[in-house]
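The structure follows.
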Amino acid sequence: MVPVLLIGIPLLAGLIGFSLKDAAAKTWALFASLLTLGVSLFGICLPKDSRQLIFNEPWMGSLNSHFAISLDGTGQILCLLTAIAFPLIFISTWKEEYKKAHNFFGLMLLSQAGLLGVFLAADALLFYFFWELALIPVYFLASQWGGEKRIAATFKFFIYTFLGSLMMLIAIIYIYFHTRDRSFALSAFYQAHLIISQEAQGWLFWFMFVAFAVKMPIFPFHTWQPDTYEQSPTAVTMVLSGLMVKMGVFGLLRWLAPVLPMGTYVWGDTISMLCIIGMIYASLIAMRQDDLKRMIAYSSIAHIGLMCLAVFATTEIGIQGVMIQMFNHGINIIGLWIVVYIIEKQFKTRKISELGGLASKAPVLTAMLVIITLANIALPLTNGFIGEFLMFTGIYSSKATVYNVVFTVTASLTIILSAVYMLNMVQRVFYGPTNTLTEKAVDIRMNEKLVLGIIVVLIVIVGVYPEPLFRLTQDSVNALLSKMFVKP
Amino acid sequence: MPINYYIFLAVALFCIGVAGVLTRRNAIIIFMCIELMLNAVNLLLIAFSKMHHATAAVTDPNAGINGQIFVFFIMVVAAAEVSVGLAIIAMMYRNTHSVDVNFLNRLKH
Amino acid sequence: MSATQFLFWFLSILALFSAIMMVVSKNPVYSVMWLIVVFFAISGHYVLLNAQFLAIVNLIVYAGAIMVLFLFVIMLMNLNAETEPQKNKWLKIAGVIGGGALLLVLVASLKEADLHNRIAETGRGEIGLIHNLGMVLFKEYVIPFEISSVLFLSAMVGTVVIGKKD
Amino acid sequence: MSNYVYLVPLFPLIGFLINGLFRKSIPKSLSGLIGSSMILASFVVSAGIFFQVKQEGFQPVIVTLFQFIHADKLTIPFSFLVDPLSTLFLLIITGVGFLIHLYSVGYMKEENAPDYAKYFCYLNLFVFFMLLLVLGSNYVILFIGWEGVGLCSHLLIGYWFKNIDYDNAAKKAFIMNRIGDVGFLIAIFALIFKFNSVSFDTIFHAAPTATTGFLTAVTLLLFLGATGKSAQIPLYTWLPDAMAGPTPVSALIHAATMVTAGIYMIARSHVLYNLAPVSQTVVAITGLATIILAALIAVKQNDIKKVLAYSTVSQLGYMFLGLGVGAYTEAVFHVLTHAFFKALLFLCAGSVIHAMSGEQDIRNMGGLKKYLPITHFTFLMGCLAISGIPPFSGFFSKDEILTAAYGKNPVYFIVGVAGAMITAFYMFRLYATTFLGNFRGTEKQQHHLHESPSTITIPLVVLAILAVVGGFLGVPELFAKNSNLLSHFLNPVLGGEGNAAEIPASTEWMLMGISTILAISMVLYALSKFRKKPELGEPVGFGKWMADKFYVDELYDALIVKPLNALADFFNQVIEKKLIDGLVNGTGRLVQYSSRQLRYLQSGQVGGYVLLMVIGTVLLFVVQLFLRK
Amino acid sequence: MNAIITSAILGVIMMFSGIFLKKNSSIAALAILAILILLIMSILDMSGYHFFQVDTHNMLEFEAFGHLINCIAFACTLAYFLLNARDIASIGNNPGEYFALIFFVLCGISIATSFNSLLMLFIGIEIISIPLYILTGSDKRNLKSNEASLKYFLMGAFSTGIMLLGIAFLYGSSAKGSFFLDDLAPVKSATASPMMMTGLLLLMISMAFKVSAAPFHFWTPDVYDGAPTVITSFMATVVKAGTFIAFIRLFGNAFPDIKSQWQIYIAIIATVTLFIGNITAVFQQSVKRMLAYSSIAQVGFMLLSILTLNTLAKEGILLYVAVYSVATIGLFAILVKMKDFSFDGFNGMAKRYPVVAFAATIFLLSLAGIPLTGGFLAKYYMIATVMVTGSYLWLVIFALLCATVSVYYYFRVIQAMYFKDGLAQELEIGPGFQLMLILLSLVIILLGIFPQLLINRLYIIYI
């Protein structure tokens, strides 16, 4: 029942939201998202084998597709992230005045429903449905409330992802016809690789991977991202980079690597190369960005690249790291966006070169940002460290490739680079003397303080005592790994 | 007569009709060319009907009669088409005083 | 060469020739005339093939009714040679080539058809007689016969809608 | 007692939290008090631990707080290791740390309350991480402290963040450390891969099973980390810039404690190094090179703190030399003494700067002897100690390292002694130029020259005493049997002389003599050279090279920074915008274009349409004809 | 049989209604009533209540599939009337006749969905075509309308000629010398004789023309563009559906055994259709014309079902026809109310007419094949039916690439409605109209989530 609620609450709330008055819609959305958070927490507290966590009803008879959703380990952590993220987003942008606000919040909730659906679906067709359902509202949000070049940018984003998901659709159908009893069920998909030949797995892999690679995004499928992030309203950017990006990694973990183990194994090295190229490439570009949003966008590309790399290392430690890092990255980057949002609200600019010296005017904001930054560059005792440490360990001890050491070493260069660009940003925005623009800067308001406070607390807690997350993900990691192919 | 002769004759007439449609601009002439095509088909059908008759007459005295019935229907339909077609052409002539199919060329690209 | 064969060849050549004339002649009226000749030739073929009924119908309906209708229209619009603007040369050539190409491919795809032993018998067989046709038409083909009334009705209505002045 | 070891880092943490969270509300006096008292508390605890540890037959204790990470078969507890080595460092950190906190209370008076609180909260945080570093019972905890202290040094160097240069220095420090840290991290990954654990005891027990090649790689990577943290070639350039921070910070972080983390770490993993002779050689040679390079640069520096910074670098070089030749105890001993006298020197410098109201250039000083008697005296003690004049502390520690170096390879010894001579020279150049001669500063400065307040002078005195007598903790066996308390104390951990070669007593006497005589002569030469006419002009020739630090920074800039930026720009402008994005948009444009062209098929002319249809038909038939064959 | 006879009778009734009823609105009302009757009749027919027991001498053959298609077509027509009946009546001066002709077309469609002999196919197609020639030209004063009707007529007649030639060859090659679909295919040998292939190809080409598949589609854009918008709506949806079913029925019942020999041509035609339809649509400036091209593109997808002719194909085409017709009718209904058909004409629609904009968005999303709309499942079936055969994967990929292109031009409208601001033009629409649009969009979403509501009807057997 819990998964149904998780999807149903935001869905219904969103639909209702369309009909509300603007002011009411805002409160309504916050309320709904908090409710969702409560449900998801409840679901996580339930015992792993509880019947409450699974829902399965026949859906499209002739296609033998079921409305099957289950809140298992892989999804749990991301559902938690999604459930946490939305209230944070709503609170942090509480003061924002959207025109047609009821539509805005309605769409936001719909996108949440879609995201949760993606993370919960246990049926390929359903997964595809939610995959798109999450995309459409975000598209509307971004091109309705975005910047001046929004239409072109977001449309590019839409075409990109749509093409990707169509490719995935082909793969899904192909696999569906090769399951034993013509079914879309996840379990059936996990069996399909026994029937599908290795060559077929080879090309199927790409068909699926493209969809996920675009979402993550992996070099060279990434060019939609900076523009879209730059043009979208910050609230949407948070959804995009904090949550939707995870759809890609999640898809990789749950729908690709275990479903096509041979394909994944065969192409592993190629993809890893792409990931590493992308990481370094993005980090270098991030060093030269002057727009805060673009800078963060590229840094996100680099971080996601690492996750993808760790997935293809197919080691338990690595994948555990990915799971945890997905959560952490979501939290951290949302924090960063909030800071960007605050800055943009105050100074009407995101240009790093036009800012400076905020530290003396807004010490609290500075402190918060510094902590989030440190988490982003994976300093010990922040959540970032846990994830990246595990992932790197996993990559190094990977049996899936013979280049594990090379990968580790080259990838670890980004540890340095990330420090370079993040510190640059902090220094040029917050340190140094104030200028005419930042003269009359004021420190953050209560709601922002609250949100950032929560984020910082999460960062530190997870960084110091990650045990709960380990326990949350342990089993599902084993389950996934048991289905992947690792050369003995 | 060998059936091939009829086939090739009909096809030839048909293609002359097609060529006419392609080369002329006068709507009426084009329409007449189309009529020619139909007649070619009629001829072919009757030839076939006789062919089938020749092969199966012993078992079924009416063998191959369908072809001729079909021709009958084609004529019927053709007549109907002609009435409509000429009406359309007349309407166009009334509005433009031309029967040139390329005279009106508002709809393109 | 028997009379039948002679007639066959004569009618065929006549049909083809007058068809070509119909296409090439500048003056629409001539075209109509040539087309009527074609119809007569074809009717001749029908007679050869012992399909007298259709031969007659062809003459009455086509050569009689339809072509007269055409003639009326042409006269009505008094179109003569000058009134028809000519297509430019290249399109004409393209058209001819197109028709020729179609002929070629059709012939090519039909020539393997092993019909050398099949013949369309001339001068014999009762099926072309009005009696037999009638029997079949009003037995097996009564449904299409009835339904074609709908066709006529719609054609009639259409002609009225289009034709009547308003 | 040692089960309460977690109290030691806990106190500074509390101090950090209090000062950090209530920085706005609490008054200066209180925050200073909290800051220092917390350190004092943990010093007391550590002292208690020390007395327990130094009893005979003490077995190292591991105190586990909680499971930090466990994934797959890898479990990393958050646990502390109490043994002589860590205890010794506890004492150094908390002890010296406390003195410097005390000193700071006076030194930072001018700051306004929130910044004052911020300063102490950073300082406490630093101590916390430093303690974590030395207490950690496995490499990951050590690494946590490792990066933590890096962070704090970054924050403290950039303490006066309004000054862009200081920020740059701070950034440089952090990034250079990060480079080293990556090496460290990779080493940890390798260790995990090999031994499936990160805790010291497990690894050290299993180490002999690993191949030498593997161990060499790991130790070299660890050493890379150490060069970053402890400012050795090639990653030393951040330390001199780090002098941008407040002087006490330089004293605590960049002289006494943090920079010695590398030595601690290598001493910790000496088991691995003993198994990897190649790495040892590398360590030794790097140490030597650093000694000479830094010393030479120091000779021509005129900023009082810069001189001390470079001398720190070269002193650290001695420690690495010691580690390289397997004289771990000696190295640690030098860490101890160096902590005393270098902290002392820095604090004196601070006192001088304080008195000169911010002036740091020694060419504008001189003759301060009579204005700042206490400072002058303590500074002199420091100089003697660092120059290795018997019986000051520096003499013993440095000498033991040199002796051990000789045992390994006479060349090491010669170079080391040369370094010692240069050290003596520039230290006394500094001393003479600052305190002797007559005052060269402005009237205003001269007007309010004055001895610093007691909060500043007391630490000086204490440290001076330690600098003088500290050496007797490790008197060589040469003088009296079992006189080397330190090595006896550390024996359980570092196993006495490690694999340093034994050399006959007579030779040892001789070496000691040589080095001593040379050092003293250099001291006298420097005094005679600079007491009357200090060099004030711009250096020329080789001197200029030394003064400009052999252009190492410029070299790095040209070799690494510039190309990297160029590459980044290339990616950003060409690959990203032109190539990839161009490709994507190009597809779109292609569709548009073909659409515009295809439209012309729709000519609007029936003839054309029919023609196209016929052509289509013909083509289909052609296909069919082909397929039929 | 119910459908055929009833529609004919109703046609006649509508024909005379013009005489007795003066007001357009009342004629429209009568038409709506009539179509309702027709729908009910055919539903009854499907449910096994045959009112007219006629021995068709095997000329017609009624089966669930055909009945279902009839129902869909009539239901769509009902929706179409409910939305646009008044607009139809006000095309010209003889409203009764327009409706009469539409009913004759429906009669033709119900023949085309149940023919069993080439003769009936021919007559059915003609009964569909001839009234359409008229309706296209029904806006007599409008030269565009004249031109469209002339072009349509000439090319239509031409394609009829081709079709007849094809039929002639098939007749010649059929062993028994009959026009029944069952007798056309080769008896013993699984390979078609050259003459049969010739006839089959010619027939395929003419059918391709009727459903406007490239490269025989050239009449479509001009005719759709020139015809009165209401009529375009009818032609692009119900008529296209009917003729397409004739197409699939012809090849499904006549030549299923020699599929392997003609599949490739369908594949070629489908490829060309997808390419030309989608690519050309991209650059259109008028939404009406864009929809014309999009209808071509959609046919490209539908053709995939003829390619395979398996169960999935039958189910899929059913869904596809229904969803596509509903969406297109909805869009045209909006278009009918507009003066300016250019994309900019839609600017700011969302602000002024949120309901209309929302419905239009759903329709467009469905046409673009976005999940949760029926359009997605329709496309899904088309892809699946090809993929299950294991061959022609390239065609699937190509089709999906084209689908991506189609997103471009469909979303241009959405962007105009929602993201571009501008003065939306005045539309005279009542609440009923808006309600109807909402209903249609709900139908689309419903079919997008529960397709079996429609598909399962195929398998319900009535005695």
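Chains: A, B, C, D and E, in written order; residue numbering restarts at 1 for each.
Here is the rule we go by: contacts are C-beta pairs under 8 Å (C-beta built on N, C-alpha and C of every residue); 3 or more make two chains touch, one makes a residue touch a chain.
Quick caveat, the model's predicted, so the values are computed rather than measured.
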Using the touch definition from the top, list the chains contacting both subunit B and subunit C.
-> D, E
Contact-graph distance - origin subunit C, target subunit D | 1
Taking each chain's centre as the mean of its CA atoms, the one lying farthest from the centre of subunit E is chain D
Which chain's C-alpha centroid is most distant from that of subunit B?
-> D
Go ahead and name the chain pair joined by the largest number of contacting C-beta pairs.
-> B-C
Which chain, with its centre taken as the mean C-alpha position, is closest to the global C-alpha centre?
-> A
Hey, how far is the Cα centre of subunit B from the one of subunit D, in Å?
-> 98
Between the Cα centroids of subunit A and subunit C the separation in whole angstrom comes to 72
Averaged over CA atoms, how far is the centre of subunit D from the centre of subunit E? Could you give it in whole Å?
-> 79
Measure off the straight-line distance from the CA centroid of subunit A to the CA centroid of subunit D, and report it in whole Å.
-> 37
Touching two or more other chains, which residues of subunit B qualify?
-> 3, 7, 14, 17-18, 21-23, 25, 30-31, 48-49, 51, 53, 55, 63-64, 66, 69, 73, 77, 80-81, 84, 88-89, 91, 101-102, 105-108
At least two other chains touched by the same residue of subunit D: list those residues.
-> 599, 602, 604, 606-608, 610-611, 614-615, 617, 621, 624, 628
Which residues of subunit A are in contact with two or more other chains?
-> none
Could you please write down every pair of chains that are in touch?
-> A-D, A-E, B-C, B-D, B-E, C-D, C-E, D-E
So, in the complex, the side of subunit C touching subunit E is made of residues 106, 109-113, 115, 139-144, 147-148, 150-151, 153-155, 157-162, 166
Touching residues (chain side subunit E, partner subunit B) in the complex = 118-119, 122-123, 126, 130, 133-134, 137, 140-141, 143-144, 146-151, 153-154, 157-158, 160-161, 164-165, 167-169, 171-172, 176-179, 221-222, 225-226
Residues of subunit D touching subunit C in their complex?
-> 607-608, 611, 614-615, 617-618, 621-622, 624-625, 628
Complex interface listing, subunit D residues touching subunit A | 66-72, 74, 114, 140, 143-144, 147-148, 151, 158, 161-164, 167-168, 171, 174-175, 178-179, 181-182, 185-186, 189-190, 192-193, 564-565, 567-569, 571-572, 575-576, 580-581, 584
Contacting residues of subunit B [partner subunit D, same complex] = 18, 21-23, 25, 30, 101-102, 105-109
